[in-house]
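To start, the structure itself, in structure tokens.
Residue numbering begins at 1 within each chain, and the chains themselves are lettered A, B, C and D in the order written.
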Amino acid sequence: MNDAQQKVFAALDHFRIELPSWGFANTGTRFGKFIQPGAATNIAEKFADAGMVNKLTGVAPTVALHVLWDLPKGEGSVNEIRQLEQQHGIRSGSINPNLFQDQVYKFGSLCNPDPSVRKQATDHMIESVQIAKALGSRDISLWLSDGANYPGTQSIQRRIGWLTEALAATHAELATDQRLLVEYKPFEPAFYFTDLADWGMAYTMAKQAGPQAVVLVDTGHHALGTNIEQIVAWLLHLGALGGFHFNDRKFADDDLTLGSIDPYQVFRIFHEIHAHTASGGRSDIAYMIDQSHNLKGKMEAMVQTVATAQELYARAALVDQAKLSELQDACALVEAEELFRNAFFTDVRPLVQAWRSSKGLPADPLVALKESGYVDTISRERAAKNASSGGSYA
Amino acid sequence: MNDAQQKVFAALDHFRIELPSWGFANTGTRFGKFIQPGAATNIAEKFADAGMVNKLTGVAPTVALHVLWDLPKGEGSVNEIRQLEQQHGIRSGSINPNLFQDQVYKFGSLCNPDPSVRKQATDHMIESVQIAKALGSRDISLWLSDGANYPGTQSIQRRIGWLTEALAATHAELATDQRLLVEYKPFEPAFYFTDLADWGMAYTMAKQAGPQAVVLVDTGHHALGTNIEQIVAWLLHLGALGGFHFNDRKFADDDLTLGSIDPYQVFRIFHEIHAHTASGGRSDIAYMIDQSHNLKGKMEAMVQTVATAQELYARAALVDQAKLSELQDACALVEAEELFRNAFFTDVRPLVQAWRSSKGLPADPLVALKESGYVDTISRERAAKNASSGGSYA
Amino acid sequence: MNDAQQKVFAALDHFRIELPSWGFANTGTRFGKFIQPGAATNIAEKFADAGMVNKLTGVAPTVALHVLWDLPKGEGSVNEIRQLEQQHGIRSGSINPNLFQDQVYKFGSLCNPDPSVRKQATDHMIESVQIAKALGSRDISLWLSDGANYPGTQSIQRRIGWLTEALAATHAELATDQRLLVEYKPFEPAFYFTDLADWGMAYTMAKQAGPQAVVLVDTGHHALGTNIEQIVAWLLHLGALGGFHFNDRKFADDDLTLGSIDPYQVFRIFHEIHAHTASGGRSDIAYMIDQSHNLKGKMEAMVQTVATAQELYARAALVDQAKLSELQDACALVEAEELFRNAFFTDVRPLVQAWRSSKGLPADPLVALKESGYVDTISRERAAKNASSGGSYA
Amino acid sequence: MNDAQQKVFAALDHFRIELPSWGFANTGTRFGKFIQPGAATNIAEKFADAGMVNKLTGVAPTVALHVLWDLPKGEGSVNEIRQLEQQHGIRSGSINPNLFQDQVYKFGSLCNPDPSVRKQATDHMIESVQIAKALGSRDISLWLSDGANYPGTQSIQRRIGWLTEALAATHAELATDQRLLVEYKPFEPAFYFTDLADWGMAYTMAKQAGPQAVVLVDTGHHALGTNIEQIVAWLLHLGALGGFHFNDRKFADDDLTLGSIDPYQVFRIFHEIHAHTASGGRSDIAYMIDQSHNLKGKMEAMVQTVATAQELYARAALVDQAKLSELQDACALVEAEELFRNAFFTDVRPLVQAWRSSKGLPADPLVALKESGYVDTISRERAAKNASSGGSYA
């Protein structure tokens, strides 16, 4: 086994990705929803689909759950989930509260000026912690959609205060081995300001909430031109990088498949993590997919994403960290850059396939998916249910 | 009547704004819909609401119609519309085809690789022209949502060809006094490319379609940093500015109320139009609102938008065009800028109110709306229907 | 004195703005420099010009100094500055180190991989602190131009460590009443990453440096779409807003005059400060101009900027904070927004002029500047010196 | 020779890149210039350097000339250039007028309100055409830096008219085989609007100038989020794509080396060209580098850029156009995308090296440059001249 193969195999051996349960269901844009006949229509089907992705790839052993959609009975749903875990060979991953769907959240949830709404939202956070405990899930993953659409209509400053209280109350419920992941997003569904708009807000808010609160980086949630790998580097430096939501975007949506628009950026993000490890740094990072596939087949898109993440992670693993550090500190720019991007431009796909074969996995999971007939089967089985769900928002 | 009053009155005398029927109905973001009890649930209610806005403001005599939603029977709906026009003292305005909602449009409508889908879409365009003729509407307003989400998945070049054919076929159906307004949008719902992404594409496509095709500028549909007033100036120069869709945005959505984020930009856009007229240019511009109010009350937001448009149009009318030209051509930058923005910073609201009073209109239409009790009434009347429409997209 | 007048007068009574010495000298873009004959060519002329702006406006009693350009002899220059202060009735303000001009800084200053360069840069920081002490200046204002142009060429993470050391060393030299202002900038002159790229980096770095380090917000230094007033709100909440560099930009430059592109944004920033005060918050904010006028006359642009800042600060002071809070917390969106922007659209210029007259100042400082003949005089006196400075960078 | 090799060899056989003379000289940012001792200080050294790049790569047979800097005697410089061409085995390429450096251009050149300045600028354009004729150069490449920094200070509309006249006058002087390439740029050095800001403006202006005027796409000159390959597709469709200026950028500068930030985007641009050819389209595209290397060694950066362009052009050549069209038109999204990006992720470097060897060229031109000792030699020879040029703009 040569050096490149060793590096790739070692990297892939410890690289795991969490699948989002909502990535298997029909979703859409604000203009409508294009229905896929094979989309999952309930939690059992989501577990089945996620289990199939894990079976094909071997590196997706957990599925993120969305409290409202996947655990409608709250903690009462836990037993059903337990059975599904057994049945499909995939465990529950992060627990995702829902603070955007109830009509009372029109003007915010944890940041709503109305104390009773804030209480409802905080209670939902705490219930999410309880569910996570019951399921043995470590991470509660908070995406806060709160914000405002118009200048002057809400108090940015008072809302900071309210959020501080809510997250402190949530943090107080965490078991000692649990974490609160705090996500940020510059806009949408709020269009003038989002209460947690950038990593600085998420980080300082997490710090105020308590030591087990860390930051979640969604690769699609940044202003155009932002250097995301630099943010990753700072969060690693601060010991506050809790995980990722993987996806991509060209302009301002964040639900495209990982690396589909800018694969070099994903490589550079992974590089920061490898570089941190190489210099003796420690980190504990949850890699999660957060995508919603409107046009691509949901199973295909998910398998493709897992494979893409592996390939880009493997490419980044090829960077000779010691040599790169030397060239960087000598300010040998062109040599450093060539070394760096030679790793990116090296075709690791044969090595990734070899790694898969060495684990008894299909060499090409997309091909294996096709050959399995799985999509055809679920399309037949679920078509009627999906057809009745309608596709229009009008 | 002093000079400022004369200018403002003259400007307002000829300034009319079209209301969008869809701005009165419940809509949402991709994350859900917050239901307003008073939202319009059918075309009769939309006409009632639009009629009320026109009654309060006196400058919104037409309502844009959306073929699929407002004219479900196609030309067969015309008689019903005629009656509503009479009843509410407001006429039909631009006719808006729908090329994004049918499941067959998943991969495009006029640009779909499948010829049968393109035919269906083209037929819908032609039907829209026929409806417009039947209603006596001049403008067919095309927003094309076609595009692709991922590199390599669609042929940009072949789609240009298909679109050229479809618009030529549509243009051939226009009566001599009709126009085809071609809108552009950089992204959403397509996220990698939109087939008509910028004004250059809309303009060259319109030119190929025929002489009655012109460009529609939606103020929210531009890359960040774009100088929209410059595009307006070029379209005026090219004789191809057909109209506007008014709204605003902070980052990447386009449904905020006009001028709510950047009122100075709206002023500058209006200035280009006044400057064009002052230098002897001719134009024929349809001013239309295209907003969907998720959080603000729909009636309030619409009245507010009309009033804002009037105020900013009036401020721009205060610019002394002759003096400004002189200072510009002398490159007296600070003097020119001070003259220019003094118009913006002049408080025209008393003059606008005086103009309204002179027309027998309420001086403050927002106050008049409140005093009318209209929103309370429709909220009571329509609450049950709206409640049953559900609010969640999950 | 009515309520509006009282609010405006009270606001203007405590509002002071610092002028940048470099704003009076000839500068340019990377494509060249257009020479103004009246531009200041030395520190004496800069003090004269700044003194004139202060004489005309009465609210610009300090001038920011740039160590390398204004204090070429380091502390040895202090006596000369003292004399100029006396002569022109204007004091030294913030002290600005220069870490970008020396050829050794090609690959960075405080973040340079070479320890000897880092030492040189740190020594310059410490010397700047000493100069500030000697001049009685409170604030040392750090703009760090360090960064890299290409992926892989520099270690983001090691550079964070080096910067931490350098700022700690600088902070250790501060007198107890001094402050270190830490500025951030997303790009330029470094084009791939800038070591302090956003407020989160500046804030966490300041925290690590020590309690007297706070953040400096340059209004032009943000990714497009960023909500700057929200950052201001967070920094106020965190007690870490040290000051502003005022300017504006349309796309990506930051040297346009304040409010020239988006005056409503400036109003919203000032509103956050007024709101913080109204709710009992305390802050200590240095308002500073950082502009470089390539095309506008330098004296005119500076006077115009001071007047613009006053007017927008006064408009923001008109917001009825108690009423606004009530409407915000009742989620009365349209009412809250109308109250908010009515303040913006109120013409405060007569009140600002009345305030000036009440202080014995010219009602319109731009007119007064013109009538003074000052620009003609300095243009005559300095023309020869400026002509020899050349204009081309080729 | 297998299929991939044939495709790569065929692609590289006809791919040529023009070097910019100004890419070998010292340049900087507005904050200063870091001096490279080996930078070219005159036209002879620029030809020497360009000749060396061509010798190493074999695909850079022409050098773009900048009238003011490289042909100070105008047509009188032609003989000297002729000799340099002979001496260094490299020909003159596009001729680039300079309309930004003279002090009279402070408020514009071809768009200046002063007719005498417009005449001077137009005369310079016509002289550039004459020089091009004398040198046997086909393309005159216009980058227009004109614009304004502040709203209201210049008339956008009158300036369009003036520019139309100037380009018509220039076009009238073209020989029948010459072309006028019209470039666009959204901002810088003008910061509020640039007279030719986007491809729509460049295209419609070129059309008005005459049939030999076409558009030049500078890859760095677009608003963030713009889909550049789509613009390329439209220009190909319109028969108006004259050429490229190659470079890259992360945020808003355009002088980074090609593909250094987003190599996949460059691949996609090349794909549109290959797709156009594959479908029977014809084009005549000048590939030119326009970079200014502030930090990287100038020779290294130029060789690296040529090699990068070749590699990405070769990757794009691997796309199976027939198969891709089939998958696209079947809307087989994931299959189409996988086929597409498999070409991108294929490691073509061995094939590119084999092609070079087959032409008697060094397999790795960067290594060959290093081994040649050329940079050391010119650094010794030119160090003194460069040292005296100073580095600071203060």
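To be clear about the criterion, a residue touches a chain if its C-beta (ideal position, glycine included) is under 8 Å from a C-beta of that chain, and two chains touch if they have at least 3 such contacts.
By chain, with names taken from UniProt: A, B, C, D = L-rhamnose isomerase / sugar isomerase.
Note that the structure is a prediction, hence the values are computed from the model and not measured.
Between subunit A and subunit C, the least number of touching-chain steps is 1.
Centre-to-centre separation of subunit A and subunit D, using mean CA positions: 40 Å.
Chain geometry summary: the mean Cα position of subunit A and that of subunit B are 37 Å apart. Residues of subunit B in contact with two or more other chains: 106-107, 149-151, 186-187, 192, 223-225, 227, 250-252, 260-261, 264, 295-296, 333, 337, 341. If touching chains are joined by edges, the resulting network of the protein chains shown connects every chain directly with every other.
Interface residues of subunit D facing subunit B in the complex, by the touch rule stated above, are 106-107, 113-114, 149-158, 160-161, 186-187, 192-193, 197-201, 203-204, 223-227, 229-231, 233-234, 236-238, 264, 268, 271-272, 275-276, 279, 281, 319, 324-325, 328-331, 333, 336-337, 339-341. On subunit A, the positions that touch subunit B within their shared complex are 27-35, 68-69, 100-101, 103, 106-107, 145, 149-151, 186-189, 191-192, 223-224, 249-253, 255-257, 260-261, 294-296, 391-394. Of all residues in subunit B, only 224-225, 227, 250-252, 260-265, 295-297, 300-301, 304, 311, 333-334, 337-338, 341, 344-347, 349, 366 touch subunit C in the complex they form.
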